[in-house]
Structure formats: structure tokens, C-alpha cells
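In what follows, structures are represented as C-alpha cells.
You will see two complexes here that share chain A, one where it goes with chain B and one where it goes with chain C.
Now for the complex of A and B:
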């Protein structure tokens, strides 16, 4: 490691003073995270988990402590119809919330409150050494610096319809936020959370380094939706994990529209028989944007099923990287696993690198994986035009449809429409 | 001539091969004309050429819709001007709902800046779907994706009904349909027959014409119309095949 890199990294993070009102285990976690952050090297070209990535984009020249939040007049506080709770954070500060429709028994609170009031109960969910896919250093940074986020716990047998909606705004020159999301569905409970990241202006560079952990116990159902629509000067690292227990189901949905550079990790573990995970992602990249997604589907029990579908549309000089691995561990018989990455290349200068992968150590397993790239089909455009739709509009409709198909298995038409609408809005600017 | 779809001495090639070799016929508004012909006679080429598919090159002749040259219009302009082709093999458009597809097609017919009345549109679409026996779930599903052969053809007819063309060309709409689906599709077409609309029904088999009874039957052979008659001509072709037509053509050559 060169001296320059080290000094940048060590000067960079705005380490929080330890909050002495937090439980001791948590203070220890923050300190251990900080130590780990300092020890870990920055990623290099030789690192397989950073293959094809533009490493320059993962370095941060300067980061300032967050400014105190101001309530912006421009906050779009119109969530979906079936929103049961609504939180608005600006630079990590809770500026608005509405929990008046929260169902009885559902716990949903800012995560620092949950930690400080929860004694040791949340300790098992904060692991300094948790497995990552090359982003250990970012994870440690989040662990050291995290100061806000959302905690959701759905107790046994509580099936919640509707979603919790969390808005994250980043504002100010090189302002970093370090959100942490923890969602737990206990036995046979069901819960859904939608998080959306935006900037408060169109050009000031911000940074979000977030960690999001999803847990579903026996028969639990978790849905998590992440919409990243930061301005095109900002960067995001989002590290997701999921753990699905017996006969449970976890669905993660990711839509990347904004930012100059985004790195997503998604590690999905099926730890008990009958567990299921789904990951559906759509990335719409243009100009010089780079979206870098690394995923892992770990089958560690029998009769587990997983489904991954990532769809990318690339324009101008944008780049998208997909590295995905299905791991069927010894003894995980009768696994049924899919992984598909499909790409629409809208420009000769755009670049996609897709690396699908499989590792199977069990019997009677059904796995399929693959990646395809192509252009819009002329026949499809002809079909739309033959119905009177002008060429440009036909191309827009087919391209939007291509991306929106990533969401076709979400059984919530209003959510799909909301996501598709944001895709269409961005297409209008391409 | 206005109030007709007039195909005059149409010649077209695909990959350098001449498929249409001077095809002429005229469909007046209010009439249903059928084109029958053996495989390879040029039936589907005619349909694709009129719609403007770029794989086909027009090398001569013209198609006048109410006196206006189709070939002077872009593909989408033809549709907005009142031309409709029901595809033999309708395309699947992943991720684009049937409702949004139809809505975009209707929106394209409105003046710049005018927004479609969504409530009225859905109401009309549901009513038309009911008439065609289409389940409401088809509105939210991606265009033709995972549809059976019969569902796709029904969807073509739904599009035709919603777009209200002046002239509709049905390209082998009967292929791949069982008898029940055929009846539904034929019923949809018959309900649209009007003095304000002309139909050109392209088919290989006479069966469809039991349900969509044509006013005129043309026989297409080797890129030209070689015989024109009433609906009895279709019955004769069904009973005797195309060989006698070929023999007549060869005898006259």
C-alpha cells in the first residue's frame, strides 16, 4: 500500500466519539470496527472481488463531518398508499416521521434507540468479522461510524401488510452518511421495508456507506426494497446480507438510478431447510456512471431455493459489473437455485462485465446461471411502431420494459408501478 | 380512389428474391376480402410489405389507402392513418404491460400535449376485453409473454378493436387456433365489420372463412392474384386444393 492511499483513508472517516450512553457491547463493537478499518488494506487490482472495478472510484479524497441537518423544503414525503410508517433522515438526523399507522406489536424505531434500549438483545446482529465480498473495509467503516438507521422487528405470527418507508437524504459538500438497517421477522411474521436514497441537490458530492441485514426466522417473510437515486456526483456503498431460517422467505429488491459510483454487495444465506431468497435488481446507467454488484447465494441446508435476476441497461460511457456466485454447501441436497444477469447495451462505449458462477458440493441439486447481453430487438420496435407508436417512444417503452421485468415477480402491483415510474423518469433524461 | 385500399401492381423482394410480382387488388370500405394461396405464394410478404417491415423492399407499384400512398408514410404513421396488421406471430414485449402498450398506442393518436383520459381508456379496454372473453389479468401481464397461441391472436384482435382502423389486414390469424378460439376471434372481427371499414383476411385454409364470410376471395399464386371470385371460390379451393389453379395459370402462360 502506498503512503498516499493510507493517509487518505486514515484521515477520511469522521469517527464518532463513543456514545457512553450506548451499551458496552456496542461501544466495543464500534471500537473494534474502527481498529479493523485501520488494519485492513484498501482493495487492489489483484483482489478477485474487485475485478473490473475502477478502483479510483472507491477512494475518497476527502470527507467532512456531516453538517447538522436542515429540514429541506423539497423533501418528497409522498410514500406508497399502503405505508404503515414513514421516516425521513437528512444526513443521518431524523427530521420527520409518522408511525401513526403502525400495527400493534410491530417494533419500528431509529436503530440507535433500539440499541440503547435493547440491552444485549441486538448484540448477536453486530459482528465485526461478518463475511463480506471484498468490502470488509467499508463494512468496518460503517461499523465504526454508523450513527443512524432503522430497526424493525416483527414478533411471532404478526403478518404486516403494507410497507415501512424510509427516506435517506444526503446534503452538503462531501458529506458522508453511515446508515444501518436491521430487519427481523420472527417465526411466521411478515414485514416489508422500502428505503430510498436521494441527494438534496443535483451536484454536491455526497457519500453513503450503508449496511443492511435481513433476518427471517421459521416461516418468516421479509421484503426489502432499496432505491438509490443520489445525484451523479455522489457515491454509495451498500452492503446487504440476509439469513433465512426454516421455510422462511426473504426478498431483496434493488434499483440503482443515480450516483457516480455505486458498489452493492448482497450475501444471502439459507441456513435451514426450506429457506428461500430472492434478489431482483435493475440498474439504469448512463453518462459515466459505474454500478458494481457482487452477490452470493449460499445454500446451507436442504430443499432451499433461491432466485436472482439482475437487469442492466447501459448508455453513453457507463459501466456495470456483476459478479455473482451460487454456493451449494456440502449436505445442501435438493437445492434449487437460479441466477441470471441480462444486459441491454444502448451504446458502443458502454461496458458490461458479468461474471456468473456456481460451486456445488451436494447432490440432487438444480442450479442454473447465466448472463446475456444484447440490443433492443428490431422486431419488437417494429411491432410497437406498427401500432402507431413513434420510434423513439417505442425504444423508450421497450427499454423501460426490459428493466422493469426485473420486478415482474414482485407481487405488489403498486410497488412495481412506483419502481417502473422512476425508471421511466430517468429514461426521459437519457 | 378514395374509400378503398388499393394495391396496384405491387412488386417486392426479400434478400434479392422477387416475391410479389405485380399484385393488384382493391378492397372497398365495407367489404371483407380474403386472400388464399398455397405456401410460398407471397401472402405473408404482402402483409409485411404493407406494414412497412424493413426486411422487405418494395421495387414497384403502390398501395393507396383512401387515395394516400402508404409507402410515403413511416411504419407508425401508417398505423395512425388507419392501417392495421394483425400479426401472424405477435411479438412478446417483456416488462411492458398490455394496458400500457395499448395506452401508448392510443396516446400516440392524440394531438401533441393532450393526455389520454385514463379512466375512460380503462373502462373501454375492459369492455372490449369482456367482449373477447379475455380475463382482466391480461391487462397487467407483459404483452403476449407466456400467452397461448389463441390468447396472442385474441390480443391482436383487442388491439385492432381499440385502435379502430380504417383497413385491417389479418395475416393467418387462424393459424394455431382451436375451433373455440377461432370462433371468438371471428366474432370479434365480425363485430367490427362496418361500412366504414375494409378487411383483408389472409389465410391458408378455408376454415376461417366459415366464420368470417368474405365478400370477395382472391387467389394468390407466385406473387400475383390469379383468380378472384365469391365465397364459393374458397369452398372449391378447400375441396379441390390449389392444383387446378396452378394448372390454369400454367395453361394461360
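Now for the complex of A and C:
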């Protein structure tokens, strides 16, 4: 398809023609989302959820229809050893998959198929008015335009070792993709999903506006890893939510390496007693990159715990924004919550904006947060140099170690190694 | 008015809640327009530039919306048209204690500050409603060239000193309430300390509000010249009224090179006061500014003392205690703007929420590009007393460049049950144990206050804690 002015969306939502028949509720959801997208204003300077953000970067002059995928000859896939299922999407089209190792009972399918075949079962997971942190308009756009994604359902008592690996490739000028991820762990089930976003080339500006919802029921365990390594002309909006039920546990890991501009939202809601959520993030920014990360930990039940650790390393003229909030709602007694944002600034023009917030409305609560920024201390460099390591290499080692610490609480050495390896690869280019 | 008549007219309902009959010589009426400003200017006999300054500020005030996109929606409940913007006893600032009206004296008596103690103080600028009711600068201070006057006198008698910085640290358009103050200000202290003069005793002013529906808009400007030092103290208590009262002050501090300013506030507004104050300091090379702030009472307090560190090695500090009880919202914090190399700032904030009280810390730390060696440390601790108490923390830290260090820590906790149990075992009542515990929580900050203030502070905290347990 050629990109002409005429193909810019004006009056019609960018919904792809699918061969699948969608249930009525979903069509209504898409229509309501499109109406909402058209109604909602773009963010302005007075918008507290966009404080410090470069609003110019969040505006898209033109939105082209989704392009049909160009299947590349060789897609570099690197699944982990314990990958139990593997999906490769290029511009939203499923070009390759392998589900031969999928355990019995685990449902894992492209989300469109799941919606189409699921009747009303998935309806409760699609809420037009879901709470967001300033990205309502993007969420509505995704709702109207979702054209692919992954759906995972782990039934009761099914504990899955190993991970589902999903690769998203974006290709073509101003080609937008609108992935939607939905992961549900039923009572005492356990599941893990790794998603990685990449561009097919180094320069064409792509766009991904994604939504990812995680649900863990009584005693369920969900782990979700998001690696964003798009090229440095591309933009990404990724809106994550999680809802954890009684004694359940949800762990989200986010690594941002690529893109010109990335906006991450993460809303983690602990709705029943004993729920636990963790969010670990590492951002390595250089050149003119801007990573804008907003998080919300909502404690809405007793004896809930949450932990958040974001580590940022900044170089050149990059900017990172962290806006975090712990909310302990009335009645959420005995909450234990932690939030920490640590920043390593490696150049004179890099900029970090940190807004760690607390709203406590309950009793017997233990809550704390911290935000620090600084540079590598001379003592650390001196120590490594005295062991024969050149200054540049010493800086690299310390910086890599600093970022990788965000992953120190992930109990999967191979995953940690994989993530740390990608950090090291990017450091080589700085 | 005779003393007996005054006493008869005094109404006291309970501890701290009392008021005197209102007998105002000047009253600008209710509501705000250009005529109100002309009235104020005429009464004060102000120069034309001040008149213009006020009128410009009124336009700014009217054009600015309430900042409810981030602040409390309660601001919308301020009925600007129902407020009296100027009141005065009609007296010129008096020089000696004997000339101060009796009812004002009794107000001070009620505050528990004996006359004797005040004699130790270098000078007392006691503000009763809009005008300074009492002003006394010790002879030796005058000899050293220290100027300590009210805002009207400062602008009239010493324009060469004060005009240069007036409205410069906090421009009229800084926010809606600084614009309001710029339009209708009256009262407050203007202080100039000449180079090298170290004022030994703290300068002090007490403020009181004593009229229904009446806003108080004092304006303070303190300029401390090179190498000079001063400590300024203000304290506020107010009796309860039926309808909300607005208090909106502007306090500007200028610390020239190597100067030191310490500005201490103990505040205990009544439950219906909106206390929306803008306080900011400029610290030049190697200067030091400390804001020591205690906020108790009021319906809504919004106060974020700031320091703009403009000169190399300037230092800024905010030490803050806030206590929010039922129906109160203490929205306090600090702004630290680093605008030169090697500047350092420190913020220590402790808040206590009692009953349904809500305390909020809102902070800003800004380190722009092309600077080096800037440091900030921020600590906020919150204590929740009851299960429906609330606390929030909203810091914003913005750092550019790799030669700085910032750190921010915040924590929220309760009074430990073990502690209370231990003290009860030793024969203390639960309330006394709680009070002791709370005083322990703020103790290290209370020590930063001068002795007479820390005594008063402890008493205020005890008073607020009454009835919060059991």
C-alpha cells in the first residue's frame, strides 16, 4: 500500500479486515473505543500525568492504516532454552509459530482467534473506561484498532515451567501496530510470557501502541517480561495493567533499549488479601532518546505487598521521566509497599525527572520510597583500574552492573543473563 | 474602651477559641475591585507606582485560574466576593508597649507569651489584623542600621532599599495567590540588615486574625546584605469563626553573598482558615537560607517555602513539621532551585495525620544543565495516628548532567503498639503515651526551633492529640 495523504485516518477507525467473525460485544467495544479516541483531547502542559514529558513527541501528525506485512527472508529469533511456545508477528501478522512443546491444558493463541471463539467469556477483560495514567487516548486507539496479540490462559492448578516467547517486528514507514496481550492465571496456576519488540531495519520510523493486561486469580502466579528494542526512529506506547487476587503474585519486568520515544504505563492493582506485585525496570537511554515511565501500585485489600525498582542509566542528551505512585486505599491495612527509582547520569546533558509519590489512606501500613541520582564514583573506577581494567571498560562494567541490578530479584538465571546480555550489547554502541 | 468593658465582651468557648469585639476604624468593605485597591492606597498614602503595582496584580489575579488541576478542589470553595480585603485599627504603628491597645495585649496573654519574655527579644512587630499594632526595634539595632518596619513604612520611607527587590523574588504572576497578595497586601515586615551586621536576637512578629470573613495579606521582604545574619520568627494563632477566612501572605527573602537568614514559623490557624502562602528566598554566593516551618491547624494550608540558589556554594534548607487533624489538610513542602555550581540543599519534613486529617508533602528539586557539584537531600516521614488518617507524598526531582547527587527518601509509619503498651505498663495513660510518642517523632526537628517556640510547639501538639485515642 502506498502512503498518501488520503490514507491518513480521518473518519474511519483503522480496523483491519479480518476473516474472523467477531462477537457483538467486541464490535461494540471497538466502536466505543474509536468514539472515545476521537473525543478525548490530546495531552497538554497542564496535564499532571504528562508533567516533564516532551508533548511534541507524543503527537502523531499522521496515522496511516496498518500495512500488510512484508515477511522478511530471515527473522532472527532467539528463544530461550525453556521456551514452551514461540510466536513471531511482523506488522501484526503471524508469520511463524511453534507450539509443539505447549503443556496440555494451557491455552495460548493469537488474541483475535481467542476473542472470536471465546463467545462472551473474554468480555469482562475489555473495559473502554479502564483507568489509565494519562494515556486514555492511546488506550482507546488500541481498543479501536487492536489487530493482533497474544492470549494466554492457564487453567486451575496448572503450573507451567518455561516461558511463552512472543516476538513483535515492526516494519515500514509510519507503520503502526496495535498489539494486545491478555494473560490470565486461574487459581494456583503459573505462567510466564516474554515479549520482545524490534524493528526490521535501523531507520524507518515505526509506531507501536500496545495494551497488556495481566490477571492472577487465587494463588495464581504471572510473570511478564517486556523488552523494547525498536530502532531509534520508532515510537512506542505500552500500557500495562495487572490485577492480582487472593495470595496471588504478579511480576512485571520491563527493559527499554530502543526507540526515539517510549511511554510506559503500569497500573498494578492488588484487589484481594495477600496479593503481591513486583515491577522491575531497567532503561538504558542515549543520544536523544526519551523514556517516559508512569507507574501506579494500588493496594485495595489487606496484607498486600508490592515492590518496585526502576534503574535508569542515561547518556548523551537522553531524558528519562519516572512518575510513580503508591496508593493505599481506605481499609487496605497491613500494606507493605516499596518503590525505588535509581538513576545513573553519564553525561552532562542527560536529564532525569523523578516523581515518586505516596497516597496512604489506611492504618498499620509500611510504605517507603526513594529516588536517587548520581554518577559513578571515582573510587569505583579507581578500584577497577588498580586491577588493570582500563577506565572506559571500568565505566562499562559498573554501568552494566548498575542496570542489571534491577533484575537481581528475578529467580531465573537464564532470563537474567539474556536481559543483561542485551544491556551489554547496547553499551557497546555507546 | 475600658479594660472591664473589654473583658466583658470577650467570648471564650474553649481552649484557644475566643474572640474580641470588632471595632475597626478603617474597613474597605466586602469584595474586591479597583476601588478596594484605591481605598487601601489612599488610607496608606501610597506612591503612584505601588498603586499601579496593585492594579496590575488585580488583573493577573483575575486572569489566573485556581490551580485545582494539581491542588485540592477545596480551593473552589473560597468566595472571593465575601472577603474583606482591608481592615485596620486605624492606629499608626506604635513604639512602646504602653501604647498597644488592651485587647491586643490580652490576645498575646492568651497565647502564653509573657511580656517579660518579649523584652529579651530584639524587636516585636505584633500584627493585629492588617496593621502592625506594635513595633519596637531596640536602640542598638537602629544604631547598627538595621531597618525593621512594616510594609507600608518600608516602601514609603526606604524605597531605595526595598523597591529593588520588592516583587522580584516572587513575581506577581507566580501564582494566583501571590497575585492576590500583590493587589491587596498590607502589614508584614520589611527588614534590611546592613553588610556585616549579625543580629544577635531573633526578630519576631505575631499575627492574629480577628474579624469574620476577613482575609489577611501580609507582605514580608527581608534583605540581608553581604556577610550579615538574621533570624526572623513569626507565629500565628487565630480564634474560630463561623465562615472561612483567607490568609494569603507573600514572603520574600534576599540573602546577599555570605549572608545567613533563618526564617521560623509556628502556625496554628483555626479550622476554617485557608492559608495559601508563597515563600521564597534568593541565596547569593555562599549565602545560607533556612526555612523552619511548623504548620498546625487551618482548613487548607498550601505552603512550599523555596530557595533559589543563585550564587556559587549557596545553601538552602527547609525543615518542616505539619500536623493535620480532623477537617484539616496540610499541603506543605519545599522548592529547591539550584541555579549555580556547588549549591547544596536539604529538606527534612515530618508530618502527623490525626483523625481524618490529611497531610501532603509536595516537593520540587530542580538542577538545570551546565552546572556542576549540586547536591540535594530530601527526607519525608509521615506518621498516621488513626485508621482513617491520610498522608500523601508528591516529590518531583529534575536533574540534568552527571556531576550532581540527589537523594530522596520517604516513609510512612504508625506509632508502634509495642511502644504504647510499654508506656502504659509504666503507668502512663494511652493518650499520654501517644502524645509522648508523637513528640518523640518530631523531637529532632523541634530542637531546631528556638526555646520559647519549641515549648509552644510541644503544647500545641499535646493540644491537638487530645481525644485522638481511646
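Criterion: the second predicted complex is superposed on the first by the 410 of 430 C-alpha atoms of A that agree within 3 Å, B and C clash if a C-alpha of one lies under 4 Å from a C-alpha of the other, contacts with A are read in each partner's own complex, and residues count from 1 in each chain.
To be clear about the criterion, contacts are C-beta pairs under 8 Å (C-beta built on N, C-alpha and C of every residue); 3 or more make two chains touch, one makes a residue touch a chain.
Computed from a predicted structure; not experimentally measured.
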| item | value |
| --- | --- |
| First (chain B), second (chain C), both or neither touched by A:113 | neither |
| Contacts of A:414 with chain B and chain C, given as first, second, both or neither | neither |
| Partner chain in contact with A:343 - chain B first, chain C second, else both or neither | second |
| Chain A: partner with more touched residues, chain B or chain C | C |
| First (chain B), second (chain C), both or neither touched by A:405 | first |
| First, second, both or neither for A:390, with chain B first and chain C second | first |
| Touched partner set for A:101, first chain B, second chain C, both or neither | neither |
| Chain C-contacting residues of chain A that also contact chain B | none |
| Residues of chain A that touch chain B when the two form their complex | 377-380, 382-391, 393-394, 397-398, 400-405, 408, 413 |
| Chain C contact footprint on chain A (complex, rising order) | 46-48, 51-52, 330, 333, 343, 345-375 |
| In the complex, chain C residues that touch chain A | 69-70, 369-370, 382, 384, 386-414 |
| Chain B to chain A touching residues, read off their complex | 51-54, 74-76, 78-80, 85, 87, 90-91, 93-96, 100-101, 104-105, 108-109, 140, 142, 159, 163 |
